[in-house]
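Just so it is clear, A, B, C and D label the chains in written order, and each chain counts residues from 1 on its own.
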Amino acid sequence: MSFNIGKLSVTIAGESHAKALSVIIEGIPAGVKIDSFKLRDFMKRRVPGQNKYSTSRNETDIPIILSGIKNGFSTGAPISAMIENSDTRSRDYGERLDVPRPAHADYPASVKFGEYFDFCGGGQFSGRLTAAMCFAGGIAKQLLSEKGIEVCGHIASIHGIRDESYSSEISDVSGKEFPVISDAAGELMKAEIDKARMSGDSVGGCIECAVTGLSPGIGDALYGGLDGELAKAVFAVPAVKGVEFGAGFDVCGMLGSENNDAYYTDGTDIKTVTNNHGGILGGMSSGMPILLRVAMKPTPSIAMKQNSVSLSKHKNVELEIIGRHDPCVVPRAVPCIESMCALVILGKIL
Amino acid sequence: MSFNIGKLSVTIAGESHAKALSVIIEGIPAGVKIDSFKLRDFMKRRVPGQNKYSTSRNETDIPIILSGIKNGFSTGAPISAMIENSDTRSRDYGERLDVPRPAHADYPASVKFGEYFDFCGGGQFSGRLTAAMCFAGGIAKQLLSEKGIEVCGHIASIHGIRDESYSSEISDVSGKEFPVISDAAGELMKAEIDKARMSGDSVGGCIECAVTGLSPGIGDALYGGLDGELAKAVFAVPAVKGVEFGAGFDVCGMLGSENNDAYYTDGTDIKTVTNNHGGILGGMSSGMPILLRVAMKPTPSIAMKQNSVSLSKHKNVELEIIGRHDPCVVPRAVPCIESMCALVILGKIL
Amino acid sequence: MSFNIGKLSVTIAGESHAKALSVIIEGIPAGVKIDSFKLRDFMKRRVPGQNKYSTSRNETDIPIILSGIKNGFSTGAPISAMIENSDTRSRDYGERLDVPRPAHADYPASVKFGEYFDFCGGGQFSGRLTAAMCFAGGIAKQLLSEKGIEVCGHIASIHGIRDESYSSEISDVSGKEFPVISDAAGELMKAEIDKARMSGDSVGGCIECAVTGLSPGIGDALYGGLDGELAKAVFAVPAVKGVEFGAGFDVCGMLGSENNDAYYTDGTDIKTVTNNHGGILGGMSSGMPILLRVAMKPTPSIAMKQNSVSLSKHKNVELEIIGRHDPCVVPRAVPCIESMCALVILGKIL
Amino acid sequence: MSFNIGKLSVTIAGESHAKALSVIIEGIPAGVKIDSFKLRDFMKRRVPGQNKYSTSRNETDIPIILSGIKNGFSTGAPISAMIENSDTRSRDYGERLDVPRPAHADYPASVKFGEYFDFCGGGQFSGRLTAAMCFAGGIAKQLLSEKGIEVCGHIASIHGIRDESYSSEISDVSGKEFPVISDAAGELMKAEIDKARMSGDSVGGCIECAVTGLSPGIGDALYGGLDGELAKAVFAVPAVKGVEFGAGFDVCGMLGSENNDAYYTDGTDIKTVTNNHGGILGGMSSGMPILLRVAMKPTPSIAMKQNSVSLSKHKNVELEIIGRHDPCVVPRAVPCIESMCALVILGKIL
């Protein structure tokens, strides 16, 4: 993965069962304080094996800084780090990829890469690589925070159970083990996850993410739009199937007179009364909070028998997946979505 | 706008009221037949002033080829064209941008560019620039078609009135003046547009687009995913507020056992029984049709009075917009969405 | 040609005998004053047909601005222009490319593009395209000049006759019809060009270019070095065969104690006593003038008979070139080299 | 360093005294055999501490593969590796950068990065980073070799002592400890290096590099030229001050009739009688060997006293450099130049 926006580049390498993930960040100026404890705390939000709602694969995800940071400050050189893969169980995956798992990257990857594709754990398509994303995103968030820009997300819904929305008020719930605004809704969501886990199934959900403190006019016209960049970025997180800003798909049923956000001034700033535009107009930030929602599909790995095909025998077969999997990736994906959004914003303002 | 995917680059310049739009396409191989009649027919699908459902601004949108095409074939040099702006009425816009129009790019553009921003007709943020997009997209579609890849779209809904969906069957309705599968639904949509037009309002809608004939394995992991590239590309079309693939936002309420698309083989090909994944898995094409839906907001320019702010006087004012505007941009946006999708796919396979 | 450095992009399209050249410049901020008279004066320095030292092809090279500039100021939108090809004589080139002209792009272009290559006048490989380069470069020079950065070049040598060097003092000779520091040397050079012209031959030469007023620390390590960027950029000008900075190839015969430029301070600035490093250290500007020299080969088109090959008959043949050609491209190439250097510097500081 | 040509990307991070160098290579297809012994042999050609002609810093430079290679074959995922810095002696460099070493990156880097620049050993500007370049280049050479393309270099001159030239015949001397064609010339060169070393001085030299087996038509017009890409790439190697192709700077004194390389055919292939053009015409390969020469300055670090400036005190001081340094970097730079050339060629043909 090679992410380039403005002066910022993030390059990520790794495979689920390779020795380590690598990440190189270019474009961070010299002299930026990087708080490694804060960074680990952030990365911990996506670490697996913390509770029964996630996979039991045990990874500590402690990044080893190889260059670019000295005595807690960036040196101006590219920042490089590795994150070791410690708990790989390739035996769960057999000798070769024969029966592609539904809704996984297995089948197209086998066409693209042939027999050399390291399919164990999904190879380079594994959600495991989001650990490296969060390393980069965690640093981006620290830089943004210094400039008064905050990126925060929460679980907007799981299997139909909805949290409150940021459209009324944006509250940072990142400190919570289960990042929802309404803990009552959270309990219902957990129950849904539990139910899915016990029946060998999985559930999807929605993440809402906000960016506050961004001044107006950031972004460019047409293909250089901030919304397009954010959209592309969130699709880098595995399992994302849709993205919308502000009123999003609801605009399809709205009148212009309902959707248009009227401007007003409080004497100093210019704001909009409502935020149907989700903080972006003409590809540029409007000064209002950026609001986006991301649809995440249910974890493809389920314990139930599924229909698939034997690639070697060209015939229909039944598949039973063995291994350790999250019944729902949404909670762990919240910091990943925040990371990708933070990287886009940082790239646009550096 | 500078669009780069693989060897393909498309650079677009222009402003609503400037002398002309420009477009340069790099990466088209030599010897490709380019049918200029077919290209004009395609571009005509977005031309304004054709009927009462669109703005009365009168533009013929005939592109003038400046280089790269000789005797109907590409020469291997960059293809360059201009499209003149003939019917500009800057007098509708006054001396300077003082009261930003709600839901337009005016306000953030005025912060970004200051007084030098050519705000007439929205300047570089105008939907007018999609004429150049369609020039490039129309050429891309011709190249793809030669390779058996078709990109086609239809109006999926307008102000809540829904067309049939591509998920059952993909039919090319591009020949129709009003591109819907169900003409009955189309009539209801037209009535909605008419109603909005007569009340000085506007309506939003949804476009569905399909890509068929693409072999599996096109696309890359994470930030290089085909879904991310398509998402970014469609946001280049003004008024887009959301994008989703396959089951899209519905996955948020689904179980893995519902959402996973089982594989089967008919002896030759490997297919999925359902297409909730919308033809993309792990950022790669699966061989199934790519299905995406795009949410488009109601035209921001409405005749009704709106609340806004005088930038020079820093106080709240009422705004009445004069000018010629579409009551609904969705019908004319269908070829634009097709264009951006075609460019992404072409870039990925060139 | 797609040139991207930092926020600056320049895209050029055209062919020697196509309708027009196109150029799109992205990244110029809004509100920059662009003096069109100054720009034409600069572009005139490379216009052909001005005297007996250049080709008799008659082109006025007046750029037509299509967008991005209004009332003499940049609007913040991409700047787009076209330059018409008025005096094309395709009849000089025959029906198809059969016998490639030595030292021209003909042969590799015929392999790359096949029969669809528009070879007339060299097609997209023609020196004609430097007119578009100079449009972009001329604008870049105006922006740089506002910031106190000047880019100026002169003919360093023609066919062995040397001008004085910038290493002693940098003087802007751009106002001269024949841009040399020593007019006496210039007369000798002209005599060499004349001699070549009369014998149906051509001569090569060297251009020296300086950039003054650039503060230290511009540029990046390794592949992002300012020297590498400048080197790549000057090779965009046809006929360039080498580039060197400061002492250049002479360093191969030097000791470290001879080559190292000692630092000193005059109380305010830090400078070097000598400038063997040519203003760049570790890929970054040092604050001293950037000095580079570019080797330009003799015009490939000569009137004398040459040995070549018939591509259709696969046999050796003699070739006699008809057409209008410069006996020496060096004088007209000076503004082209300045342009490419100016674009790199502007890209690095925007 | 982020190198992108076509589908190939190489990202390098590291600093002379950081924990490790990192390198990520994207774009290598799946199923490519990578011979790790051959790779180490290649990398060994630039390893320091092997003989008295190079620095005594002791690094084994054994790369640790982190991902992308499994059982000796590429998996299609990005290839990632680290090379540890084991023998760093930061104590040689003191507390802070106060007196910049002449001809090093110290001064501009201190302006660019301020006090946070990790100046020990030159930080990110150190020749140390070429170890990572050679890792990537060594892999590129293996891929090219499979396609019949060889990249080989030799020392063309050191301190005025010249080796034979590739222009007569290209011979691979990479197996030699001291890579010259004429061993007699090599002995004289070694004597020059020795002399410089004993007097606490250093010497410069020239490297010639050839690429054979490349078919015609690779490369693009103007800014996309193969010569420009190669030129930029070799400047990524620290100490390069010039690059020329074929006859190079000699063209400045030549007539067209002397410089033009006549075509002929031997019945099957089309070749040129001479190779003044160095295998590149119009930015494209001609099918003849690519020949380039690179000027490398004498090692800046010399034992003799030099004049410099104290940055903290703003006054002129004398500087004596302590540390371990090569009296001549040219021999160790040969594989670095080969690497950068190989990466460009691979990027252009992938």
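In the analysis below, a residue touches a chain if its C-beta (ideal position, glycine included) is under 8 Å from a C-beta of that chain, and two chains touch if they have at least 3 such contacts.
From a predicted model like this one, the values you see are computed outputs, not experimental measurements.
Enquirer: Going by residue numbers, if over half of the contact pairs line up, that's a repeat, so tell me which of C-D, B-C or A-D repeats A-B.
Expert: C-D
Enquirer: Please indicate which chain is farthest from chain A, where distance is taken between mean Cα coordinates of the chains.
Expert: Chain C.
Enquirer: Just how far, in Å, is the C-alpha centre of chain C from the one of chain B?
Expert: Their C-alpha centroids are separated by 39 Å.
Enquirer: From the C-alpha centre of chain A to that of chain C, how far is it in Å?
Expert: 46
Enquirer: Need the CA-centroid distance for the pair chain C / chain D, whole Å please.
Expert: The computed centroid separation for chain C versus chain D comes out at 26 Å.
Enquirer: If a residue has to touch 2 or more other chains to count, which residues of chain A qualify?
Expert: 1-2, 12, 77, 109, 112-113, 124, 221
Enquirer: If we count contacts the way the header does, which residues on chain A are in touch with chain D in the complex?
Expert: 1-2, 4, 9, 11-15, 18-22, 24, 26, 30-31, 64-68, 70, 73-80, 82, 109, 112-118, 123-124
Enquirer: Give every residue of chain C touching chain D within the complex, in rising order.
Expert: Spelled out, the residues of chain C in touch with chain D are 1-3, 12, 100, 102-105, 107-109, 111-113, 122, 124-125, 129, 133, 157-160, 196, 201-206, 215-219, 221-225, 227-229, 231-236, 238, 240-265, 267, 270, 272-273, 276-278, 281-287, 295-302, 304, 306-309, 311, 314-316.
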